[in-house]
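See the structures that follow.
Here come two complexes built around subunit A, the first alongside subunit B, the second alongside subunit C.
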Partner chain A sequence: SLYNMYIFNRLGACVYYEEYNRTTPPASLEDEQNLIYGMLYSFKHFVQKTSPKPDEEQSGFRYFRTSAYKLHYFETASGFRLVLNSAPNVADLRKELRFVYSLLVDYVIKNPEYTVNDKIQPDVFSVFVRELGTYLTAKKLLK
Partner chain B sequence: YQRRVRDTTQNKSMVLYSINIINKDGGLVYHREFVKSQRVDLRLASSFHVMHAMACQISPVAKSSGIEEFVAEAFKLQCMQTRTGVKFYFIADPLHSSTVLKSLLARVYEVYCDYVLKNPFYSLEQPVRCEKFDYFVEQVVSSSSAASSKPSK
Partner chain C sequence: VYKRQEYGNKLNVGQTVVFAMSKLAKIGDQAWNGNTEKINAELFILTYGALVSQALKEHESVADVNAFLEQTGYNIGLRLVDEFLARSGIGRCGDWKETADVIAKVGFKMFLGVSAQVVGFDSEKKEFSLVLDDNPLTEFVELPDDAGELIYCNVLCGVLRGALEMVQMSVECTYVRCTLRGDDASEIKIVLKEILADSIPAGED
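Moving on to the complex of A and B:
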């Protein structure tokens, strides 16, 4: 029931992207990633302005749902933004995304081979990819 | 018995903040606040129109609608788009049930058809200034808070 995942860094670049069950590939993956980042940026502004309690809005938004998918969102104070697209009936994956971020911290950021803001090469950071896969399968999100 | 007890405690947070209607070009044609708020930016409706369209574009699956439900920490936005491209959306408390909000939106759409579209003095895509519409929207919203709401998901 997961479609794909994006991880953006503080500068707006997509450092990690994984596809699980996507049916419609985009024309250009890079363009799509930039579009998503821009969209998230305008969402943040929209949430701040629309919210009846703007002081509580630290996290941007939680998720949005359309007829075909649900986009779960998690952003950190350090500027990492995690996006996970799932089937529309999946419940809020906030806790799961928080855990994915902890995996990112443990297996990528703390890795001395990693320069912050670089793309995460799946072959170099295979432990991260593996741990991520194991976690998502354990949570019954992936088969 | 237990269900009713849960209902009354949750009724306090069943706040509806506002309702907005956008025409198919993204212009705001109707805005109504139910709770007094200091700052209201009417340009946000056009931002939402763009956000709604972008959500279709980035869909990982074929043929997605625009944003139907948008949840943040302090509010939930429930949107309904009609076949003519008009969007109705509520800003409500995040604990508000989506099914209830969807049915409220459908009722507002009915009221819109009856008292706005059928009004001979109303021109399409223009701001809505119909007294009867205001009155019946008020009816729909107050009838929802008077009746006990279903517990949220």
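Moving on to the complex of A and C:
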């Protein structure tokens, strides 16, 4: 019930993208990634500005749902943005995204072969990809 | 849940500060005791000492070594901040004071096992100092007579600079006092230079 996942760095570039189950691929993946990042950036500011409780840490954009999919969002203070698209009936994946972030820290950021803000090549960081897959399968999000 | 209050009623500020400090200290302790992998302290201290002595051999001047240590720290800080955020679960800090407390109580505790104290907090000049009563890096260390202006723990200044830059704060860190030079405690002074704006994605106007 997962469709795809994006991980953006603090500069707005998509450093990781994985597809699980997607029927219509986009014309240009890069355009789509920029579009999503731009939308998230604007949306986050919009949500903050219109919120009745702007100071609370917990309030903020977590997910949006359409009839076709649900987009889950997790952002860190260091600027990493994790986006996961799933089937509309999936519950809030905030905890799962937090765990994916800790996987990112353990297997990518701590890896000396990784320069901060670079793209995450799946062949170089195969352990990360594998651990990610194992975790998502364990959480019954992937078959 | 507690409300942060501006510097109005002194009693309230004291109470909220104490509450905030003990909550942060708890987070720091949990992070240190809980799921952190630890390495042998002596191994870490001696490895760092070896790094510094090698740097002294390789660089011509002590100022170069200080810059090298700071730059090394900066590179560490860029990555360390993500581990810190992932482990502690702390989100954005509301203000400069909270930043200071989080670094002292949670950050230092999580990575060095000792909390620092925040002294000399000045919200106008945007600066504060972190005081460490015992700095684990300097255990077993004695500076030789020809060390000159060597700042042995300059790596810590670099780490703070790198980590804070990743959370949109540009700071200047200097090592003010050091137990290796006969002072009673180690002190790092941090001055906020500017808050970096969120980078706007390319193509957006």
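Operating definition for what follows: the second predicted complex is superposed on the first by the 139 of 143 C-alpha atoms of A that agree within 3 Å, B and C clash if a C-alpha of one lies under 4 Å from a C-alpha of the other, contacts with A are read in each partner's own complex, and residues count from 1 in each chain.
Methods note: a contact is a pair of C-beta atoms (placed from the backbone, for glycine too) under 8 Å apart; a residue touches a chain by one contact, two chains touch by 3 or more.
Source: prediction; values computed, not measured.
Once the two complexes are laid over each other on the shared chain, residue contacts for A:85 go to subunit B alone; subunit C is not touched.
Once chain A of one complex is fitted onto chain A of the other, the partner contacts of A:52 are limited to subunit B, with no touch recorded for subunit C.
Once the two complexes are overlaid on the shared chain, A:37 sits against subunit C while remaining clear of subunit B.
Once chain A of one complex is fitted onto chain A of the other, the partner contacts of A:10 are limited to subunit C, with no touch recorded for subunit B.
Contacts of A:22 after superposition: subunit B is touched, whereas subunit C is not reached. By the touch criterion stated above, A:98 is placed in contact with subunit C alone, subunit B being left untouched. Shared-chain residue A:62: touches subunit B; no touch with subunit C. Subunit A has more of its residues touched by B than by the other of subunit B and subunit C. In the superposition on chain A, A:116 contacts subunit C only, with no contact to subunit B.
Shared interface residues of subunit A, touching subunit B in one complex and subunit C in the other, are 42, 57. Residues of subunit A touching subunit C in their complex: 10-12, 34, 37-38, 41-42, 55, 57, 76-80, 98, 101-102, 104-105, 109-110, 116. Residues of subunit C touching subunit A in their complex: 4, 78-79, 81-83, 85-87, 89-92, 94, 166-168, 198-204.
Across the interface of their complex, subunit B is touched by residues 3-4, 19, 21-24, 32, 35-36, 39, 42-43, 45-47, 49-54, 56-69, 71, 85, 92 of subunit A. If you check the complex, the residues on subunit B that touch subunit A are 17, 35, 37, 39, 41, 44, 47-48, 50-51, 54-75, 77, 91.
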